[in-house]
Amino acid sequence: MVHPPLAERLAGIRLLLLDVDGVLTDATVQITGGAPESKTFHIRDGLGLVLARKHGIKVGWISARPSAATTARAEELKIDFVYQDKEPKHLAVERIAKTAGVTWDQICYVGDDIVDLGCLKRAGMAVAPGDATPEARDLAHYVTLANGGRGAVREVVELILKAQNKWDAIVAEYAQ
Amino acid sequence: MVHPPLAERLAGIRLLLLDVDGVLTDATVQITGGAPESKTFHIRDGLGLVLARKHGIKVGWISARPSAATTARAEELKIDFVYQDKEPKHLAVERIAKTAGVTWDQICYVGDDIVDLGCLKRAGMAVAPGDATPEARDLAHYVTLANGGRGAVREVVELILKAQNKWDAIVAEYAQ
Amino acid sequence: MVHPPLAERLAGIRLLLLDVDGVLTDATVQITGGAPESKTFHIRDGLGLVLARKHGIKVGWISARPSAATTARAEELKIDFVYQDKEPKHLAVERIAKTAGVTWDQICYVGDDIVDLGCLKRAGMAVAPGDATPEARDLAHYVTLANGGRGAVREVVELILKAQNKWDAIVAEYAQ
Amino acid sequence: MVHPPLAERLAGIRLLLLDVDGVLTDATVQITGGAPESKTFHIRDGLGLVLARKHGIKVGWISARPSAATTARAEELKIDFVYQDKEPKHLAVERIAKTAGVTWDQICYVGDDIVDLGCLKRAGMAVAPGDATPEARDLAHYVTLANGGRGAVREVVELILKAQNKWDAIVAEYAQ
């Protein structure tokens, strides 16, 4: 199969699905004995996701490792779909896609590790953060300049909104 | 409009206004499920702000995202003005400016993201951290060598105090 | 003694023993007065250790500095052996080896500081993270490209599983 | 005054005094609203200080900003002298020196900011971390290759113990 050019593919994205560890974070987790773990999220990623949702892109987070930190951040950002369980990720994506009424071609999936390979293989737009595993980068249509947890998600959001001709108006409104 | 040279503009600054996430921090936030979030501040930035206030510069922090961590750090440093709400930031600045009795020309504003563009456009001295978004850097009169949360604020404070011929005396007193 | 080539040595590894601070972490520890300390672990290291155990490699963690954070993360990953006390580390290794029924030749030991030298000297495969002390790197058969806490452990796991011809099948299964 | 060569000066050190923020840490502090702050210490620095004390060097920490995190870490490492108050640091050093029975010539002081200048000017051996302020680096006899909180203290300890011909025996004992 020959993929359509990147810009065309981005223009058709209706659902942005993100792995959590290594994508929304730098893949580290902070553990304290006897207390819940912490994860470190990026504020500019957060604003990007708020803007994506406001401008017609649904957003989902898919992690194989449940964490109350992930849940808390997802609630703050009003993420549309949050899955945190052990089933193969592409099955979770297929259920989300059905609910959202989109096909794999309309999905942008961002993942960093081998558990993401099944989704990266299927997504219309497959993205890996700059510091993802070689296996994830090999399957990606695009590797972000930013690393996971350091702006990779914001970079993807801007790619989509620019390809959909929405970004300039957003910036112009803030610049008033 | 032709801007006066940088040094002259810095010499007239009476109010230093700072965005929080991405300026006073590296734009990350640490989330723990069921507990308040944490932010990471920089001690040398803190000393810079203490010295600025001691030498005649009022300081304000303006964030669109309320956080108890921001409030706690602002109280420790006795920051003059702290605004944390969703209204457009330039409206908050205008209220602060009125209270402080200064005009936009006497304000140095530091911001990293598109929500700061309205203030960066209006401030007499507009600054973006080294790792700010391209949109913020484009509107800035000065981009700091340091990144947000890694000394960007200290760098701005020293620019102002040096332009106002106050820095050498401060250093000399500590070096006794 | 002339060491057999690296690949042959890796093929014989049955037990992977890891120092904690500086290997599973970046050597930092986060201290809060009046509360337990935190350590920062890496999710891709964690998946590597899960895969190692699933494919016939037993795993042990050996630290001279007890921490509830280490215990919590080890339990999550179902680490086979966890020693956290002040005795010389090579004595702990010898007890683990006896329990596991392996010899020093079948052990891969990863350590970053001078307290690890006795184990690095004895292990069939001695590894130091990229940012380990010069003394640890001098005794290592292999120095990882990644730093401690930033993927060094994952890199070692992949070296072993690749030398044992297990890695490609693991990746292929996830890529379905 | 012409300073004696570096090695000679290091050979005479009996007391190692360290600023905390920016020296034992990377100058960041983690703030959580309504909870005590956290600081991030380095384990290899900690082992260095344990070895220094064991081999005849007394150790003190001097901070202008009291923190329970500092106290907790100092207690763990059995630091000989801990001062955390606002008085000029060189006065604290003079009291410590009197108690320890040493002169300024026998003191190695490590500091990163302008509040340390008075001590850096007086110490027999003045050290600044690699990422210290220009003012601190200008007064230092030695600037560490490592940054604050990332091994700067360990580097200084090794300089002293090597100059005093103690380091090789320490390493040899661990390498048995």
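Note that the chains are named A, B, C and D in the order they appear, and that numbering of residues resets to 1 at the start of each chain.
Here is the rule we use: a contact is a pair of C-beta atoms (placed from the backbone, for glycine too) under 8 Å apart; a residue touches a chain by one contact, two chains touch by 3 or more.
Remember, it's a predicted structure, so these values are computed and weren't measured experimentally.
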Chain D reached from chain A - shortest hop count over touching chains: 2
Angle of the C-alpha superposing rotation, chain B to chain D, to the nearest 5 degrees: 90
Homomeric contact chain A-chain C: same or different residue positions, threshold half: different
Longest centre-to-centre distance from chain D, chain (CA-based): A
Distance between chain centroids, defined by C-alpha means - chain C, chain D (Å): 31
Approximate Å spacing (C-alpha centroids) for the pair chain B, chain C: 44
Chain A: positions in contact with at least two other chains: 30, 35, 38
Category of the chain touch graph - line, ring, star, complete, other: ring
Footprint of chain B on chain A - complex, ascending: 30, 35-44, 47, 67-73, 149, 170-171, 174-176
Chain B residues touching chain A - in the complex, by the definition given at the top: 21-22, 25, 27-35, 38, 65, 112-115, 117-118, 121, 133, 135, 139
